[in-house]
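In the two complexes below, subunit A is the common chain; its partner is subunit B in one and subunit C in the other.
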Partner chain A sequence: MKVTFPHLGTMHIFCKAIAETAGIDYIVPPKTSKRTLTLGVKHSNECICLPFKIILGNFIEALELGADTIVMVGSGPPCRLGLYDLVQKVILEDLGLHYRWLTIPPRLDWPALLKNRDETRELKKELSLKNITTFPYALWIGWKKMMACERLEKLALRVRAREVITGRTEKMLQKALAGLDKAKTGRAIERAIIEGEKILGSVDQDRGRQPLRVAIVGELYTVMDPQINRGVERKLGEMGVEVTRTSWFSSHILRSLGVGRENRRERLRYYRASLQYLGYDVGAECNVSIGETILRAKDGYDGVVHLMPFACMPETTASGILDRVSRDLGFPVLTLILDEQENEGRITTLLEAFVDMLMWRRQRFH
Partner chain B sequence: MYLGIDVGSITTKVVLTDAEDRVIAHAYLRNGGKPIAAIQQGIKNIIQQAGNPISIEGVGATGSARHLAAYLVGADVVKNEITAHAVAVIDYMPDVKTIIEIGGQDSKIIILREHVVVDFAMNTVCAAGTGSFLDQQAARLGISIEDFGGRALRSHNRVRIAGRCTVFAETDMIHKQQLGYQTEDIIAGLCDSLVKNYLNNVSRGKEILAPVVFQGGVAANKGIRQALERELGLEIIVPPHFDLMGAIGAAKLARRARPSETLFKGLEVANWHFSTRSFECDGCGNTCDVMELIAKGETVACWGDTCGKYSDAFNRSRDEGQDAVRSNHG
Partner chain C sequence: MRRIGIPKALMYYRFFPLWSAFFRELGCEVVISDPVGKGFLGRQSVAYFEDSCLPMKLMVAHCLDLVEKVDTLFVPRLISIHRKYIMCPKFRGVPDIIKLATGGQAEVMDEPFDFRLGNDPWGAFSRAIGQRLGWRSREILAASRGALRVQAKFEKDLVRRVNGLAIRDIFNLERPTPEATSPAGNLDVALIGHPYNLYDVDVGKDVIGMARELGCRIAIADSLDGYEIDKKVSTLSKEIYWSSGREIIGAALIFLARDDINGVVFLSSFKCGIDALLQEYLKRVFKGQRESIIPFLTLSLDEHTTVQGMATRLEAFVDICRDGKRKDAR
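Entry: the complex of A and B
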């Protein structure tokens, strides 16, 4: 059995760690590239969103390399992500690719477990006793690595906004993450974090700079994956903006497990704030995008960048309302609609103009 | 003196300004698909117009090909066109509240309050309602684009033309022609539909308050100007250098940046022989198209590589950059 998983931010680092620790064979799909996108676009419906196309491309490339088991999260309506696993299964089968599909349920409840019964039974035959007994430990290692990735990425967000040589932080972050990727045990991960923080700390910073503060909100794939959002986070950072976001693996996983009090409270706060514009829960990240924007405005942020894939229902709803929020609060919001036909130059132009505007406003109004 | 270069999708604008941001010389050229030649010709025109010897203290580049322009001539400031346009207007009309800019393939709205840009938007992938479409339709109707606006003003019975998409607009125009409508009325109808398209797709409900400044190449079009005034119910102000505002903004930004020593390669660039070459890098699955700018037989700049393999080498030193490129050519 060779397991594979899609690319999404730093997900491959900890997914790989889980498989490796549990002694399960795995294949990391090649880094998302033009080829990945071309494959994804070719084999999917034109109107479907960009994350779908890229994930499909990841799977095709991984299967070409000999993977035979795909692990993918599922989710519920209203977002089409809920249909991803079903539709992608059909497409891959039509392509004549052979594989087994495991859906990680978005919520761990009884119906989800029942639905996965057959898959679990199938899996049992393949996994050795050792695989199964080490699995809890593997999950723990995976979790630890994920938290470590997030810690380094969050540090990089702060450093990047103050770097003296543009692009330096990104290089050092990649170096730090590569070190973390190699760590095998809990203790090694701890060491990799310290080492990573040292590497990032070595970046020359202008400590006196007061960077603009911008929060990125929106659909989670576009927010979390730099290949999908064309490096919005990095671009903003390199323009001297300190970026904040609440979409992280940990926050979404904790939410689906129904644990993590602080995380839940934060989300609830955003949800409640959104209610003055939206009477009910639209689903996915829609309410959070709106609520977070309102609260960021109140927290004194300079602006919000709202990311969404073209034709994404929940976020299209949000973008209409965000226009209103922006007008009511006099708070800058830039919505970027991403798909494979968008040219990167335009995104850069809009981001540059947005940052110029924020700078301008700050000098004038503060 | 400062040089401002605005290389847009259809035209290239070059201005020469003095220390008070006054325009001394200017050039407005069609790219004809050759932006490099257009920039060089623009500089030649400037030299001719200025007459006196020119000493450039700073250069600003803007427009969708701003990076190309910057590599070509050596620019001190490279700025996006939204900021450049806003900067140019603010001094011309300090209390401006709305800037409408319609160019060859881009259209923008910039909202200002208390002398500060507070909101802006740009057209999405659709180029309906921009200059290039007007160009095409004028050509199809067999009238020059310069006469287009004037003809619209002569209309007495404006025809409704579908404006959501240029493809439908064209179909509808042909249909109206076949029904026997006057060309003037169709042109006026087209102006109306382009304005509606702009308001629906670009400004999308943003609060348009007076004073409204209208600029960009399309501002020359009297028909569109009139249609905008009718639709908004506001007076539209078209600044004297409406078609050069981006370049003026870029020159102004270069002056404000006050470079101690300009990166400008000199007015001779207008006569250098430039060419570009591209190759597909096979370093990874991304297969970036790497562009090279070649002057006097030597690669002088490189871009398009996502990872920075070649462009970073050029940023470090020219020798190193050339080695990197050469190794790829084998």
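Entry: the complex of A and C
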């Protein structure tokens, strides 16, 4: 058995860690490339979510490399995310690819378990007792690595906005993450974090700089994966903007498990703020996108970048309302709609113009 | 008399009889928007749903058409119209978008409707609305029961109306339902899709009329047993949680397995999240069962769709269905 998983953000680092620690064979899908996207696009249609296409491409490429079991975190209503697997399965079957599909249900309840019953039975045959007994430990290692990745990424967001040599932070971040990727035990992870922070700290910074502050909001995979958003986060950072975002793997996992006080409180705060414009929970990140924008404006941020994949359902609603929020509050919001034909030049141009405008505003008003 | 505006868009094409009967019983004047026709896109109004599917954009246009003619716009927040399943998430934000687009020119009645809640969701919903209009429980109850009867009768008649009336009269309650359909057609074609794709001329360009003209008898999901649809869909590897999605997939699977259907047409809206996903599913299901020789056509609708283009594709499709039928007979 060789498991595989999507290649989103830093997800492969901690998924790999889980499989490795539990002694399960795995294949990391090749880094998302043009080919990945082309494959995803070819076997779906233009109005399907961009994340769907990238994940589909990841799976096709991993299966080509010999993976035979796909692990995917399930999701629920109301958005399309919850039905990705239903459709991806028939697409892969139609391509004549053979695989086994494991959905980790977002909530462990009876219907979910029943739908997964056959898969679970199959799986039991393949796993040794050792695999199963080490699994909790493996999960813990995975969790630790995920938190470590996020810690380094968050640090990089601050450093990047102040770097003296453009592009230096990104290089160092990759180096730090590679070191982390190699760590095998809890203690090694701790060491890798310290090491990583040192590496990032070595980047020359202009400490006197007062970078613009921008929050990125929008559909979660689009915000979290640099391949889907064409490196918006990095681009903004290298234009001297300190970027903040609330979408992280940890925050979304905590939310779906229903734990994490801090995390829940923050989300609730955004949700409440959104009610002024949107009288109901629309689902996915719609309300948070709106609520966060309102609160960021109050917190003195310089602007918000709103990311949505083409034809995304909840974010379409959000973008219509954000337009109004932006006008009401006199607060700059840039909505970027991402699709498969995106050329990076357009995004860069739009971001540059946006940052110039923010600069101009700051000079004028402060 | 209070004038209530019902925009002729979205779920108008399912619940108009219910809604209008209810308001009339309560002594309101019901005003319906005019068809928007061509050129509505030029108006600044649509900006609020610029990136959305056509049916949503039309909703905004219809409300703007009504706003000056009425006191209250009826734009309920439709969360769910089924015991277990939900509506497309876009419906949840509709009243908010309408409020922004109309800028407070008319009161917006945005009571949430969630059929998953409580024992009598329609009762609770109608009570909330009736009370807002200043009526007492007893009168509201009578009105809401009467309205349910109107709706039930309409639903029973729908297949006959689709086959016997011009498209603009299907939802015109003053037109009586024709007696049993004239057996004019010799080909049975099933049309599936969201109701507004089927019945709104601005979206579906009267596919129903075109197909009838080409000699087709129309079958629709409403002619199937809802329980059967539900059972069929529940056999899939994952529970589909949109009621409209279930109806589309379930109806397609049932029609696919029936010998008395010669073809299936799926009317989908461009940029509709649900349709885009289901389309990929259906395409492959039909492909896998090619032996059954039921041709399947997906028509994608948006503001650039022309009547001409649709007619051409439909004609070609009907020809294929005819061939298939002839082969079967042999």
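Here, the second predicted complex is superposed on the first by the 359 of 366 C-alpha atoms of A that agree within 3 Å, B and C clash if a C-alpha of one lies under 4 Å from a C-alpha of the other, contacts with A are read in each partner's own complex, and residues count from 1 in each chain.
Everything that follows uses one rule, which is that contacts are C-beta pairs under 8 Å (C-beta built on N, C-alpha and C of every residue); 3 or more make two chains touch, one makes a residue touch a chain.
Every value quoted in this text rests on a predicted model; they were computed, and no experiment measured them.
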item	value
Clash-or-fit label for the pair subunit B, subunit C on subunit A	fit
Which partner reaches more residues of subunit A (counting touched residues only), subunit B or subunit C	C
First, second, both or neither for A:Arg296, with subunit B first and subunit C second	neither
Partner chain(s) touched by A:Ser326 [first = subunit B, second = subunit C, both, neither]	first
Touching partner for A:Lys16 - first (subunit B), second (subunit C), both, neither	neither
Touching partner for A:Gly283 - first (subunit B), second (subunit C), both, neither	second
Touching partner for A:Arg35 - first (subunit B), second (subunit C), both, neither	first
Contacts of A:Lys53 with subunit B and subunit C, given as first, second, both or neither	neither
Which of subunit B and subunit C A:Ile337 touches, first, second, both or neither	both
From subunit A, separation angle of subunit B and subunit C (C-alpha centres, steps of 10 degrees)	80
Which of subunit B and subunit C A:Lys145 touches, first, second, both or neither	neither
Which of subunit B and subunit C A:Arg346 touches, first, second, both or neither	first
Per-pair minimum CA distance [subunit C against subunit B, superposed on A] in Å	5
Subunit B and subunit C contact sites that coincide on subunit A, given as residue numbers	323, 337
Subunit A contact footprint on subunit C (complex, rising order)	47-52, 77, 79, 86, 88-90, 92-93, 95-97, 100, 110, 112, 236-242, 270-277, 279-281, 284-285, 287-288
Subunit A contact footprint on subunit B (complex, rising order)	64, 79-83, 114-120, 122, 124-125, 204-205, 207, 284-288, 308, 312
Residue ranges of subunit A in contact with subunit B within the complex	30-31, 33-36, 167, 323, 326-327, 330, 332, 337, 341-342, 345-346, 348-350, 352-354, 356-357, 360-361, 364-365
Subunit A residues within the subunit C interface of the complex	44-49, 52, 76-80, 82-83, 85-87, 89-91, 93-94, 103, 111, 115, 277-284, 286, 311-314, 316-317, 319-321, 323-324, 337
